[in-house]
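Here chain A shows up in two complexes: once beside chain B, once beside chain C.
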Partner chain A sequence: MRRILEAEIIKAFTRPRSYIGMGSIIALVALIDASFYFTGKEYIDLLFQNFDQVFSLEGTVVNGNLICFIILQTLIIQLPLLVALVTGDLISGEAAMGTLRYSLTKPISRFKFISAKWITAMLYSLGILLLLGVFAYGLSLVIFGPGDLLVLNADGLVVIRDAELFCRFMAAFVFAFISLTTVASLSLMLSAFSNNSVGPIVLTMVVIIVFTVISSFEMSFFDPIMPFLFTNHMGLWRRLFSDPIPTAEIVQSAGILVLHSLVFFGITQYHFKNKDIIE
Partner chain B sequence: MQVKETILSVTGLEKYYGTFHALKGLNLEVKRGEIFGLLGPNGAGKTTMIRILVGLIKPNKGTVRYFDKIDLKDLNDALPRIGSIIEEPRFYPYLSGKLNLHVSARYYPTKISNKRISELIELVGLTGRESDRVSTYSQGMRQRLGIAQAMLNDPEIIILDEPTNGLDPKGIIELRQLIIRLKEEFGKTVILSSHILSEVEQMADSMAIINKGVCVSQGNVSELLSTNTVNVSLETSDLPASKVMIETMGFKVRQEQQTLEFQTELESIPKVVAKLTAADQKIFRLDHRRKLEDYFLKLTAA
Partner chain C sequence: MKKLTAITLLVAATNFSWAQNANEIIKKIRTNFQTINDLKCDVQMNFDIPGVAIEKINGKMFYKKPDKFRVQTKGLIFLPKQNPFEQLELLDDPSSYIAILAGESVVNGIACHNINIIPNNPEELVIMRLMVGKQDGRIHKSELTLKREGTVTYFNTYANATDILPREMEFMADFRRFKMPKAISGDFSSTPVRQDEAQGKYETGKVKMILSNVELNRKVDDSVFVETGS
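Moving on to the complex of A and B:
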């Protein structure tokens, strides 16, 4: 299995396409950091203008933690799309290229082949997140320095002490990883059903967009399907910046996302085991 | 006389694609150390059968047995001893030829050494180009890299599906020489599918003709081709008179518009010609084709 995984990793990580997502993240983080560096104060003034009459803010509001939080909020929607760009192509891309039939004429079980693909998809998701972590958290802290985080959420304005933030950000990255693995598993599953490169990527994006749009409608008509929309659970990382943290709710959502990943993985395995490779 | 071991036997193989019956109870037997030609027109079922042989497709019925003991359900036990090129070889275009081989090598249970990969690169004549991206390779170079890929595990059987497709004449000759070398120098059993009779004729020891999902003929190529019986097509100045003369020699003659058609042994043709010229019959045209060619042409036309 280790050798198959090595082969999959070489294939995935030497492909130019794999670096589109990574390049986009670096570029976006750099742009956001630059914009805050030069015009951050205006943005914060605008954001907190309604609170001017209620209390006054002391210290550095624009700090590395705030920038990281804003970057996470901004990119967390796009990250799954960047992941799908690679993971949605892992099987169907090979089918389209004609290399799938060569891999499968080697003495490996299809279960191991798909498992290696799945682990590769997870590793790619992890790579994307690590990159985001280094740039969004690390670089922002280097440029803007540490400080308490002001978060405006449904409960109002929450101030989180700098000392607590490292753990909360790490937990947020872990949660984001779980979310991304769900998207990666979905796109890999769609990839197993397709023989062309673009279809599964587009379909994954459509699923995420449609689910997210439906989730945003707070209408009772959609209530019966809400629990089945995994995108509902993907946004729960923000609750890690509530006070107190609703641990049970977050763990439940993480569990649901993991369950989705396993179901997608199971469907992929079942379908691929019985698939005739005719392309 | 040495009896060769059966290295592959296929019995009653059937495959449906929806309602299309692609293979209709195919039977084959391949002996060790031979080049076995699988001949048939496009769409005859050759690729379907080959894909079943390497586990890409599951048959609906029938058995495939390798090395007299391994069935399809245990195919992974046989695959380390089999190399294949299914249709035109495909590689990761963004990787070098050498790295493509290294990636393929990782799918085998035993480690394939760098030395082995270098040897194969040399064998297929890609030394000096192995570090270039495959996207820069010609079709012939890809085909040869495909052979190297199929040889990675030093297999006993090499399955090649239409290996000369898309190659220029020089590429075809090079590949043909390489395939013959695999058999003669390395003792490999080669199963070679093609829709070109001359290709199989020049390389194969045994062959099977497949048409519409069934094996219509199988045997030793030299036996099949050495038969002296030929179909003669003749055009003379007086067809009815010539027909009577040839019939008196004991041949069954059929008159087709401007020609006479009959079957005879190759050695009898000069006698027929002598008899006709002695009777002042002018011979405008005389063609003969071997039965197998006619047979195959009939199949491909169907």
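Moving on to the complex of A and C:
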């Protein structure tokens, strides 16, 4: 199992496309940091112009914690797409190239083969998140310094004191990892059903985009299906920046996401076990 | 005709006497305020603003005549748009307003005179109503009607009978709750805005400042008032 895993990791991390996501994260974080460095105050003033009539907000609003939060909020929707770019290709890419048959001529079970692929997908997701953590959190704190975080929610504002923020950000990264695990598992499952590499990637992106768009609509028409959209649960990382933190709700959503991952993993295993790889 | 003249004279005399009384009451407040040039103290800021979750925070409050005011904390705070000493600054120049005694009221169990202050050249402030203690001659409540913000209220609570400055200043103002569509805020996990009954209604926000360790007239450097945040 260890050798298979090593081989899968090498395969995944030596492909140029694996670095597209990482490169875009670095570029986006740099752009967001630069834009806030030069025009951050204007942006904040614009957001608070209505509120500003009675109360004035005093203190350093534009700080490293706010920038990290904005980057997370901006990228958390795009991040799954970047993950799917690699994980959606893990099985179907090999099927398309014809190396799948060759790999399975070795004396390894299909279960272990798929498990190795799945762990590789998790490790790639973790790598993407670590990179985001270093650049979004670390770099922003270095450039802008620490400070209280002002969170803009649909139903109001939350000010979180600087001392509490490290733990909350770490918890948010853990939650983001659970979310990415779900997306990676979905794309791996779709990859098992396909023999070309583009289909599963595009399909994963379409699912995420459609679900996210529906989640953002505040129409009662969509209310019955909201709990079934896993993207809705992925957005719960934001609740870690509420006061008080709705722990039960967050744990429930994390559980639902883990359940999704396990179901996707199970379907992948079941389908791949019976898959005709000679086709 | 004689009766009409008598009534007119009586009304004029009453108004004159009310204005005179009001000016006498104000004079005591003004005299007290004139003894303050620099102020430095510890402050605890407490917030009760609908739709805003923010914990209390400690910091330092600075004031320097004629109109420099700052609360310095390590974190973010919400402050009233008006400097809380602005009402006293206005009273400092008797030629800039008309003071009229306008009845009596009880504020926190303290019998007060109501005094309306009407600025001669109203800019932002339209009218200010002060509730001044009959016994102590200190402001216990003030209502400021402002052109843009509407009516804002300050409650002052004093620790000792001889204190010139209040130990607690509570600011209250009505405002519309901060709302933002999910698509803009990026917050897809909260209750839909359409389900919120408070939407669009005016609600009262409060900011309470509790002062301690007050240092009066120990020189406060101008650099304290330079804003460094963004």
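Heads up, the rule we're going with is that the second predicted complex is superposed on the first by the 268 of 279 C-alpha atoms of A that agree within 3 Å, B and C clash if a C-alpha of one lies under 4 Å from a C-alpha of the other, contacts with A are read in each partner's own complex, and residues count from 1 in each chain.
The rule is short, and it goes like this: a residue touches a chain if its C-beta (ideal position, glycine included) is under 8 Å from a C-beta of that chain, and two chains touch if they have at least 3 such contacts.
Small disclaimer: the values here were computed from a predicted structure and weren't measured.
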{"item": "First (chain B), second (chain C), both or neither touched by A:S215", "value": "second"}
{"item": "Greater chain A contact set [chain C / chain B]", "value": "C"}
{"item": "Touching partner for A:I26 - first (chain B), second (chain C), both, neither", "value": "neither"}
{"item": "Touched partner set for A:L126, first chain B, second chain C, both or neither", "value": "neither"}
{"item": "Which superposed partner A:N153 touches (first chain B, second chain C, both, neither)", "value": "second"}
{"item": "Partner chain(s) touched by A:G98 [first = chain B, second = chain C, both, neither]", "value": "first"}
{"item": "First, second, both or neither for A:R15, with chain B first and chain C second", "value": "first"}
{"item": "Chain A positions touched by chain B in one structure and by chain C in the second", "value": "none"}
{"item": "In the complex with chain A, residue positions of chain C that touch it", "value": "49-55, 57, 71, 73-81, 148-149, 152, 173-183, 185-194, 196, 205, 207, 228-230"}
{"item": "Parts of chain A lying in touch with chain C, wherever the complex brings them together", "value": "40-41, 44, 50-51, 53-62, 73-74, 147-148, 150, 152-159, 161-162, 212, 215-216, 218, 220, 231-232, 235-236, 238-239, 242-243"}
{"item": "Chain A contact footprint on chain B (complex, rising order)", "value": "17, 51, 54-58, 76-77, 79-80, 82, 84, 86-95, 99, 102-104, 106-109, 111, 149"}
{"item": "Chain B-touching residues of chain A, taken from the complex the two chains share", "value": "3-4, 6-7, 10-11, 14-16, 97-99, 101-109, 274, 276-278"}
